[in-house]
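You will see two complexes here that share subunit A, one where it goes with subunit B and one where it goes with subunit C.
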Partner chain A sequence: MVDRHPRQNPIDARPWTFYALGMLFALYMLFLYGPMLVIYTLSFQGPNGGVTFPIVDPSLDWFRDVWRKGQMADIPAAFSRSMALASVVSFLTVLISVAGGLAFRRPFRGGGVVFYIAISSLVMPSLLVGFGIGLGFQFLGLQPSLFTSALGAQLTWTLPFGLVTMFAVVNRFDRSWEEAASDLGATPFQRLRYVTVPILLPGILGVALSAFTLSYDEYARTTLTIGARNTLPLEIYALISSQTTPMLFALGTLTTAVSFLLIGTTLLFLVQTQQRRQWHRGPDVEPVGAWTRDTTSNL
Partner chain B sequence: MDARYDVELVSVTKQYGATLAVDAISLRVPKAGYCCLLGPSGCGKTSTLRMIAGHEGITEGDLLIDGRNVTDLPPWARGTAMMFQNYALFPHLSCLDNVAFGPKMRRVKRAERHRRAREFLDLVQMGDYAKRLPNELSGGQQQRIALARALIMRPRVLLLDEPLSALDPFLRVRMREELKRLQRELKITFIHVTHAQDEAMAMADLMVVMDGGKICQTGSPYEVFERPVSAFVARFIGGHNVVPWRNKLIAVRTDQCVLEPPGAVPGVRGWVSNVEYQGPTVRVGLTTKDGLEVAAVLRDDVFKQRPLSTGDEVTLSWPEASAHHLAA
Partner chain C sequence: MDAQAKLYEIPKARAIRRRHRRLPAWTVSWLQILPLTAILSLMFALPTALFLAVSFFDYDRTGIYPAFLLDNYREVFTSSSTLRVYGSTLKFTLVVWAITLFLGFNIAHFLIFHVRNGKVRIVLFLLCAIPFFTSAIIRTIAWIPFLGRSGAFNQALMGLHLTTHPLDFLLFSDFSVVVAYVHLYTPLMIGPIANSLSKIDRSLIEAARDAGASRWQTMANVIIPLSKTGIALGSILVMTQVMGDYFIVRQMSGGQSASIVSALSTEIQAMQYPPAAANAMVLVVIVAVMVGCLMRVVDIRKELVK
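Let's look at the complex of A and B:
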């Protein structure tokens, strides 16, 4: 009788560690996403249900509750403040880290020191950074607010990330692209506009996105620098410590949806750019006939 | 002003910090000539090209293009266009937009610049690839796009930085013919940097051999091959034996050398260290007792009459008229 299955060489078999590590990974995924899945499910709790299972009469009531201006919190206002702040933080982070990334291509005197100073706020305790900024504002007699102290505090967090990302992106940028542009008559501005920025665009979008999300859920630095009006994470924290209803779950589901929408849109854009680059893929052959025609006829 | 020359370098020097990359070189490239800068890596040939292009500043000296001093002008105002070693095609633009980039920077209208770009794509026989992105093309195709992108600027001088080094040998030979044809048809000056002597021999009207930031020899490939001025040039262009002979250093072409039984004739005695069959010829390498490496390239039928193998002792000799003295 002929063996239907080709015999497996023991060399090709997976070692037991593969299964052990696979199990570990599965547990980790459960740990990571399990609680979130519970929260998403429970956000569809009925009006008379509690914060735990079972779900009584599933409904969208708690989602409606999010939009209602409550006694304790004004979610829509906090959300729009968070979005506005995240947009500004993202814009400034891109502007500064792209400029910084381009500047650091050429070594300059004191460059190393400047780099470490710019990066060091990554390792500073976040609460203390916020505390220091809050204290500084008080000392100078300034009111802390969204677009002054809070903006500054968040930039101490997003800028080092943006800068490090841009260093990696710019590292792969070939200087001869810029030289070619100059050679073809581009002014420095045209060179930036038509060559440097478009080529760096995927990296730039990455920086914008990470700065946006870092700002969107920043808590520790913002809490002591925000002043009277809260951003969304601060508002949520206040809610958790005062009242717990399934409305929090609905809020969690919504903010996750916002994040996914943002990331999804950006990825879609990037994928489309990539696809455009493979749009016209045809046979990858040399046009030998056309190319050799007049050279071979001389032989 | 002397406009018989397209490019004139007058004592041009390039210094990077304390290092002297190019040391006061002077060179005149006649109109519509094909000039090859040839030398080993680090000889200053690429720095020279980049100074002509305007991508490197000239430390000292003057650069004239078509009789006009362009030493301090930006790259685009010099009448030069450069083809980069890695082609430097813009990865986010189609071939058509790559070629149309120069006119776009000069604010030529879209329809007009695309029409002209198509013309140049046709010139390099890449018309069918207008909509492709550079990363969808092979190295040879990318090179032709880079060529079209440079030529659309209607440069007086086209600068090519190691244009053939990234191609496979078969394509390299075809591209050689093609570049030469374009140069003849467009009647512009090409300055071509290479480290391959066969490439320079095949293409150049004017061959410039460089070493250590200086020009060793300038002349037609024929002149340089027939009369290399120094041991370095003789060794670098290949095909020569450099041997001490009667208290002088001489160069003699390996294909004009013959191999005789040891001691039969005056010459250099040595042992066969290597026999290479090359088709029409056989290259026999010898090592002398002083460790000097020499070679004779024999016609295959000549070799067959008296075959040699590794370890045989022979004398390398040459007709007196073939040898010529070297400076050092």
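Let's look at the complex of A and C:
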């Protein structure tokens, strides 16, 4: 739209930069998805095939191998630990960072300090966070475990992430809706329950999804805080050095499928919410732009 | 009165009484922010202070002892292998930053300004964003069967008769480390820059056009200055990720290269906590200075919290 020259036909006039950037984008997509597609394909390798092409007698053997409890790893147990931790992280992140995002809507004393602590926690090299927590537990004579040290370590990453996402979400929230609710006699709780939360729901879901997937795949903050029993990414990490079979690829395909399933479900739900609102409200000025910004801010 | 109306209805007197009892605004804010502050203090600020303290401690093979020594820091600054690792990490950071900035800016620009259909834009944007929410470990090792000596890329090159011998530099080299970094972290650049670009008022660009600015002049004088928040934010995310990495550099260089954090994790595994902590503090200071400089370019707080 920028490059539309006023004297040219606006529909036909695509500047050369459009084609150049379009090409760059296509190549980037190839770069982004190419290697992933290679390992998805290779996970269907036959029992006698190797870790590269060609595929000899395609089979599901390596997927079965994932399920088998080996000497090195217990994948199903690690997977259930990861799911449990990610659920708790996601729940806490939503509660705490949504509240935090609401707090920052008005300036308050000490807000700056909290903000900079959150940003520092976000940019801190991940392993160092785990190192510090691990040291702390050692000094206190505590055993690191899934729902103490590992949970805390992951929250130092998902909470600031959720908070920054909430900033973008509440920035576009029109406070007159809340004022209207109060003027009509709503209690603070009713105002939150029936006005604020429903309006912010797409953003809140974005926070929940990002917290879940970030926790589910986290390894750098968790590795020194997990104790004896690994989460799935750490189990995969341990397998990399020992396992040189396509089983690793099958495992990669499965864990990515779980992420895709979660992302897909959330997106579907968001699209439905959006459509339902559209239907109630009638044609909107620019729902699409707002939605893009929502999604962008989730990064 | 039906059920729904009842739900919303509140006796007026009660509402007024409540209004009188309302907590002051700053108390509400603090109650809302308290859980976040508590968790970050306990799990981030306190542990950081702890390894700052440990970095001055004494140690031997059996344990660590409270002391105030500068030896651990002296070791960091005088050991040539440590300095080499710092140099190598900074080099990777710079190279990856330049590439992700180029890719991120151009892709964001394409999505925001060139894609006209809003739905197509969302789909393309999601295609860029979704891999960020999948496993970084899997996305890293996905390059191994792709770039290896008998990998898919070499097979394709030889199939097309572009080369007779498989290319060796593709995997387990600095090249493959950079490829994996760019692959993982470009979405961190695209997101914030696209966010900044989408906020630019289109009429400003039209005004530049009308005033006779060329495409490049518009880019240099209007679009880039207006997207500098996104550029700074993306740069912070990418740089800190590369500086904090220990897995990718080890995995993709086949153990030939090290990063600051991978050297540090070796020390941690050897239970040499004080030198590891000194190393960590130096890294934290470098990251803080870098982020601080970028924050001087834009006031991130003012941009984020409106």
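Following the convention adopted for this analysis, the second predicted complex is superposed on the first by the 253 of 299 C-alpha atoms of A that agree within 3 Å, B and C clash if a C-alpha of one lies under 4 Å from a C-alpha of the other, contacts with A are read in each partner's own complex, and residues count from 1 in each chain.
Everything below uses one rule, namely that contacts are C-beta pairs under 8 Å (C-beta built on N, C-alpha and C of every residue); 3 or more make two chains touch, one makes a residue touch a chain.
None of the values given here were measured: they were computed from a predicted structure.
Contact with subunit C, but none with subunit B, is seen for A:Leu159 once the two complexes are overlaid on the shared chain.
Set against each other, subunit B and subunit C differ in how many residues of subunit A they touch, and the higher count belongs to C. In the superposition on chain A, A:Gly141 makes contact with neither subunit B nor subunit C. By the touch criterion defined above, A:Ala186 reaches both subunit B and subunit C. When both complexes are overlaid on chain A, the residue A:Leu127 reaches subunit C alone and has no touch with subunit B. Within the superposed three-chain model, A:Asp174 lies in touch with subunit B and out of touch with subunit C [touch as defined at top]. In the superposed pair of complexes, A:Ile199 makes contact with subunit B only, with no contact to subunit C. On subunit A, the patch touched by subunit B and the patch touched by subunit C overlap at residues 184-187, 190, 194, 286, 291-292, 295.
Considering their complex, residues 1-3, 5-6, 15, 17-18, 21-22, 24-25, 28-29, 31-36, 38-39, 42, 51-53, 95-97, 99-100, 102-104, 106, 108-112, 114-121, 123-129, 131-133, 135-136, 139, 152-153, 155-156, 159-160, 163-164, 167-168, 171, 184-188, 190, 194, 209-210, 213-214, 217, 219-220, 224, 233, 236-237, 240, 248-249, 252, 255-256, 259-260, 263, 267, 286, 288-289, 291-293, 295-299 of subunit A touch subunit C. Of all residues in subunit B, those touching subunit A in their complex are 53-55, 74-76, 80-82, 84-86, 88-92, 101-102, 104-106, 125-126, 128, 131-133, 135-136, 138, 140-141, 149-150, 153, 171, 174, 177-178, 181.
Within the complex formed with subunit A, the subunit C residues making contact are 8-10, 12, 15, 18, 22, 25-26, 28-30, 32-33, 35-37, 39-48, 50-51, 54, 103, 106-107, 109-111, 113-114, 116, 118-119, 121-122, 124-139, 141-148, 150-152, 155, 183, 186-188, 190-192, 194-195, 198-199, 202, 205, 209-210, 215, 218, 223, 236-237, 240, 243-244, 246-247, 251, 261, 264-265, 268, 273, 276-277, 280, 283-284, 287-288, 291, 300-301, 304-306.
Across the complex, subunit A meets subunit B through its residues 174, 176-177, 179-187, 190, 194-195, 198-199, 201, 276-281, 284, 286-287, 290-292, 294-295.
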